Structure formats: C-alpha cells, structure tokens
Amino acid sequence: MYRLESKTVNKLSVMITTPPYNNLSVTALNYVETALKAGVELIGVFFYQDGVMHANTNTQVASDEFQVLSHWQRLHQEYKLPLHLCITAAEKRGISDEQSTQNIHPIFTVSGLGELVELSTTADRMVQF
Amino acid sequence: MYRLESKTVNKLSVMITTPPYNNLSVTALNYVETALKAGVELIGVFFYQDGVMHANTNTQVASDEFQVLSHWQRLHQEYKLPLHLCITAAEKRGISDEQSTQNIHPIFTVSGLGELVELSTTADRMVQF
Amino acid sequence: MTKAAVKTLAILNAKAPYSNTAGKDALDIALIFGSFEQSVSLFFQGDGVCQLISNQDGAIISVKDYLKTFSAFEFYDIENVYACKASLEERSLLASFHIKEVQVLSRKDFADKLTLHHTILRF
Amino acid sequence: MTKAAVKTLAILNAKAPYSNTAGKDALDIALIFGSFEQSVSLFFQGDGVCQLISNQDGAIISVKDYLKTFSAFEFYDIENVYACKASLEERSLLASFHIKEVQVLSRKDFADKLTLHHTILRF
Amino acid sequence: MATLHIVRQSAFSSNDFFQCLQIVTDNDVIVFIDDGCYNLQHSLINSIDTNKNIQLKVIEQHANARAIAINEAVFTKVSMGDLVSLTFENSRVITWQ
Amino acid sequence: MATLHIVRQSAFSSNDFFQCLQIVTDNDVIVFIDDGCYNLQHSLINSIDTNKNIQLKVIEQHANARAIAINEAVFTKVSMGDLVSLTFENSRVITWQ
C-alpha cells in the first residue's frame, strides 16, 4: 500500500458534489479511504450541491447495491473523519435539521460555507469530487 | 392565448426528470400549464430520476425564489392534474411513503413504472423534460 | 398511423454506463414495458453505445452491473436493439457486443428505425 | 510557495447561468470567502463566460437572478475576475460585461493566472 | 410523419445537439429552449442541409433571458403555446437534454 | 509548480477535457478516472504537444471496468494510491467534471 514519504505537506480536504446513487461517489469514497490508510491528514470532507444527499437518513438503497452511507460511517468511526454538511444546499434537497423533520445522519456536522473557508485555508490541498 | 384546433389528437403525458431547484423544471411547469390552459387533455405527469424531488415536503425554498411545489399544487387543484411519483426513484433520494418518515406531498400519487406504461400507451404524445 | 394503433416506445440511450444511473433507469423502463407485453425498442447512440461493449465489469468499481441484465431481453421479447455505426466508429469501438440482439445501423437507417416509434424517451 | 503562505482560492466557472445552480453555488462560495477577507479570484471559461454577458434577465424565466449580485464584488474586495478570450470568441460574444472588473485574457495568460492559486474549485 | 426535436443543451458544452442532427430528417422541426438557445450561435447550425426543409425555432423568452440575439432570417420566434401546438402537429417528440 | 488535472468526463459527450487542454501547462499531470477513461480513445490526445512533458495517467481499474484498452506507450496505469500521492506531488488540483 502507498504511504506518504513527506509529512510536511499532507493536510488534505475533500469536497463532494455528486449524489450517493451515482458511481462517481464511490470513486470519491475510495479516494478518501485510500488517503486515510496512507496516513494523509484528512482534515475534513465538505458535502456540497448534490453531495449533501449522502447525509439523508431516509434514503433507501437496495441491499445488493453499494451502501455509500455505511462506508462513510465506518470511515468516520475508524478515523474520526469530520463530515461537514452544507445546510443551505441540504435544505434545498429536503434534508433538514429541524426537530420535526430531522433526517440528517448523526455522523454529519451541520455546517455552512464558512466551514469550507476553514477547510480550504487549513489544508495543503483541496480536491473536488 | 393558443387553443388547440383539433380535438382528435390531444391526449398528452409528460415525464419530468429534473430537480425542482433547477430552472429546467420551471420550463417544464410552464409547458404543462400552457397545455392545460390550451385545453389539451393532460392525462398525467410522471416524475422520474431527479424529478421525484419535486414531491419532497421537507424541501425548503427561500421565499424570494420560485416555489415550484406550490405551482404543482395549484395546477393539481385547478385541473385535477394527476401527478405520479416513481417510488423506486424517490426512495433512492430519501423520499418515502413509510409511515415513520412520510415526506411525500399529498398531491402526488405513489406510482411505479407500470403507470408510465399506462401513460405512454394512452397518450397521443409523451414529452420528456 | 391512426389514433387507435398500437403505440410503440423507443428508448434512446445516450450515456456511458456506470458513472450515472441513466442506463439503469432506461433499462428499468424497457423491462417494465416488456413485462406488460408492450412493444419497446432500444437505441444506442453517442456514448450510449458503450453500454453494449463486451468484457465490461462494473464489479471492479463496486457497481451492481445492470449491463448483465441485458441478457434478459430475450425473455422479455425485446428483440429490437440498435447501435449507431457512426458512434461506434467515432469511439474506435469494435462491434463486439455482450448480447446477440444488437443490429448496427447507418446514420440514416438508425434515424428511420427510431422515427417508426410513437414515443421516444432519451436517457 | 511555503506551507505557511496565505492560501488563495480560484473558482473556475464553466457553466452557463440559469439552467442549473452551478453559477449560483460558485458565487455563494466567492462571497463567503470575500466576507471572511480571504483572497478569491473568479475565472470564466467555456459556457461559463455567458455568466458575464450584459443585458441578461433571469426574471423573464422566473429565475431569481444571481448575476445581479456580481455587482457586489467591489464591496467584497473581489477584484480578480478573468474571462477566457478564446471562449468568448468561440461563442461570438462581444466583450460587453455587466460588471466592470472583468479582464479578458489569452489562453496562456488565463492559465498562468489560474495556476497562481492554491485551491481551484470548478463549477 | 415529422419529428419535433426539443433541444435544451448548449452544443458548446455537450454533444446532444450534434446527436440530434445525426437523426434529424426532412421536414422535422427543431425548437431551441433553455440552454439550447446558445446553439443559435453555434457552427453546427450551418451544417444543416437547407434542402431538407428543417424548421428552426426558438422560444423567444428563453433567448431573451440569456441576451441571445435571434436572427429571424434563420430562426422563428415561438412561445410556449406554440411549443404545445407543435407537440401535436408533429408525429413524435424527442427531447435532447 | 505543476498542476494535477483529474478528468472525469468523456470528451465524446462534454467539452470538459477540451477546456482542460486549454489550460494544461508544461510538466502538468493528467489522470483519467471514471468516464474520463473514454478519452484514451479520443483524438484530443493527439493534440497534446509532446514537447510540454505532460504526463498522461489512467486509473487502471476504472479503464478495466469499462473494457478500455490502455496503450502503455502513451498512458501510465495508476492506482487510487498513486492518485493520492500525485495530489501532494503537484502544487494544486483541478477536477474536470
């Protein structure tokens, strides 16, 4: 397995804009997991545009299809990976943190674009998927 | 305003595949309303792919933006327009008719692709948006 | 054709498999029409022709491979499967398909076959 | 540039306005960076250049016209706005823009300016 | 037996309109709507065989919103009502999106 | 100061890869992933100036899934681990999707 040689420039942040029912998201997840296993310091994943749909607890995926959310859950637990949800983008897509309709998976942190500023200024590289 | 001359070939069905936060949906809505006002017999609108997101009651739209859902509601009431939701596509996008998480607006009929067969074989024209 | 005539559906597939759900969404419609014994024809144009090519394997990239379901066309009496020759050539693709029903048509024949249908959905 | 240097963001706009939310989503990021006093530059390439053209009016098609917000760039200290000359010419578009900050750059200058930035997001 | 083609995408960004032109047949009607209006400036327009009697139309409001000039020698301005009418005046509809 | 270009779309369908090539600079790295793998067969590859020392790479699994042959004289096969590595070996990343 690949391991980073230099430890001086290895802070990474990732933006995800594609929905979970799309194979492009599997690629993004695979990239994120590979980076984590290689010892990259992944300071956070920011979910924007259709990417926010990853956080929806109401989503039903057929049991024989790729369970994207359960993989995020695993990475969140194993690596304490911060998962930031752009709440403005989420609300447009029926995802809400209001008490009556709460449907955001607890592994996600409700965030705004201010968090993106933080991620992009702190990380050495930001990669968009 | 345009009115259909011939009444012999005027059964229409429409498929909507674009999400409500996208201006392409305004075009579709505009087409549907224009057809209804012209006296076209619009036998039903079928929501498929990202189009199913029109039915989500949890969606929050800023008050100064176009309220797509309220327009569907108006057309549904004024013209008894049948609005069919592909439930398989909906479930992939966090829209569900299960009691605990019910978030489908009541103007929509929970349907499957069998309904599409009915719409396409009954209508003289099916138009995809 | 008169109003009472049997309506036929053509599905025009325009996207490559895997990266999005377009091909799968189109296939689901085709199979439903087949199971209701409604006439349905499948057309592949542009990157859509990539759905027909042999030796693909979605499992490598964790896709549940809907292309394997194409082998059920016979069971559903879906016999009309057309590929655009120009699209294949533009992509330097050999006419080696993973199902046997595929007919490769010239641009004009492809257009003529397509426009025999009443309803055309494109994915 | 060393690790401790100030990080700068470039947003590369590639889509026409209105039909989708890409332009608006990019603008929201630009304004947040501006309001946090972070350096942000805007680049327009391909159909993205259509976002800059004068005399557009989203109200005609019921879009809340985010293009009008471009006039707030000055307030947010967003001074670096670049349009790709080749993209404008390919579309037969006159360099008549609805904001005054736009600099039209040759392909090479556009690339050179873009790659001065640490982070590049494309919408 | 003509076909109504509804073109919604810019040919500068995607190849949908190119594919449409591969299929377009004598006496067909092409209506540019949404981002399809950008095609009014695209060189593919010149590739259309004028002997085929293809009608080129554009929804005026969609072009106006985008500040796209309509050359009325080539394109006919239409309304949404006209598009509804064309739906039934032609034998079938293909949406290129 | 090189840039890593991650290309995710087929140039047969969209103009993203064309736009990438407008910007690509000496010593940049282009990695084809997802539907970007279809670009291995696209004529735009031949338009890349060989004097610019542009490295062309492809994620092997993404090409294999699509039954796309890799001409190793032109393209280097890479893994997802290599893509992570390239992220830090280059100064910045642009995703063309």
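Just so it is clear, A, B, C, D, E and F label the chains in written order, and each chain counts residues from 1 on its own.
The rule we apply is simple: a residue touches a chain if its C-beta (ideal position, glycine included) is under 8 Å from a C-beta of that chain, and two chains touch if they have at least 3 such contacts.
In this text, all values refer to a predicted model and were calculated from it rather than measured experimentally.
S.K.: What shortest step count links chain B and chain F in the network of chain contacts?
M.R.: 2
S.K.: Report which of B-C and C-F is connected by more C-beta pairs in contact.
M.R.: Answer by contact count: C-F.
S.K.: Compared with chain A, which chain's mean CA position is the farthest off?
M.R.: Here the answer is chain E, farthest from chain A.
S.K.: Computing the C-alpha centre of each chain, which chain sits at the greatest distance from chain F?
M.R.: Looking at centroid distances, B is the chain farthest away.
S.K.: As a quick test, compute the distance in whole Å between the mean CA positions of chain D and chain F.
M.R.: About 25 Å, centre to centre.
S.K.: For chain A and chain E, let me know how many angstrom lie between their CA-based centres, rounded off.
M.R.: Inter-chain centre distance comes to 40 Å.
S.K.: Which chain C residues touch at least two other chains?
M.R.: 14, 18-19, 21, 46, 61, 63, 119, 122
S.K.: Out of chain E, which residues touch more than one other chain, so two or more?
M.R.: Only 8, 12-13, 15, 34, 62, 92-93, 95, 97 qualify.
S.K.: Would you mind listing the residues of chain B that make contact with two or more other chains?
M.R.: Residues 9, 21, 23-24, 27, 30, 124-126, 128 of chain B each touch two or more of the other chains.
S.K.: Which pairs of chains touch each other in this structure?
M.R.: Applying the touch criterion to every chain pair yields A-B, A-C, A-D, A-F, B-C, B-D, B-E, C-E, C-F, D-E, D-F, E-F.
S.K.: Mind listing the chain C positions that touch chain B in their complex?
M.R.: 3, 7, 9, 21-22, 25, 28-29, 32-33, 36, 38, 119, 121-122
S.K.: Inside the complex, what are the residues of chain A that reach chain D?
M.R.: 8-9, 15, 48-49, 88-89, 112-114, 116-117, 120-121, 123-126, 128
S.K.: So in the complex, the part of chain B that touches chain E is made up of which residues?
M.R.: 1-2, 4, 6, 9-10, 12, 17-18, 23-24, 27, 30-31, 34-35, 38, 40, 124-129
S.K.: What does chain C use to touch chain E in their complex?
M.R.: Touching chain E: residues 12, 14, 45-46, 84, 86, 107, 110-112, 114-115, 117-120, 122 of chain C.
S.K.: Going by the contact rule at the top, pick out the chain E residues touching chain D in the complex.
M.R.: 8, 10, 12-13, 34-35, 38, 41, 61-62, 64-67
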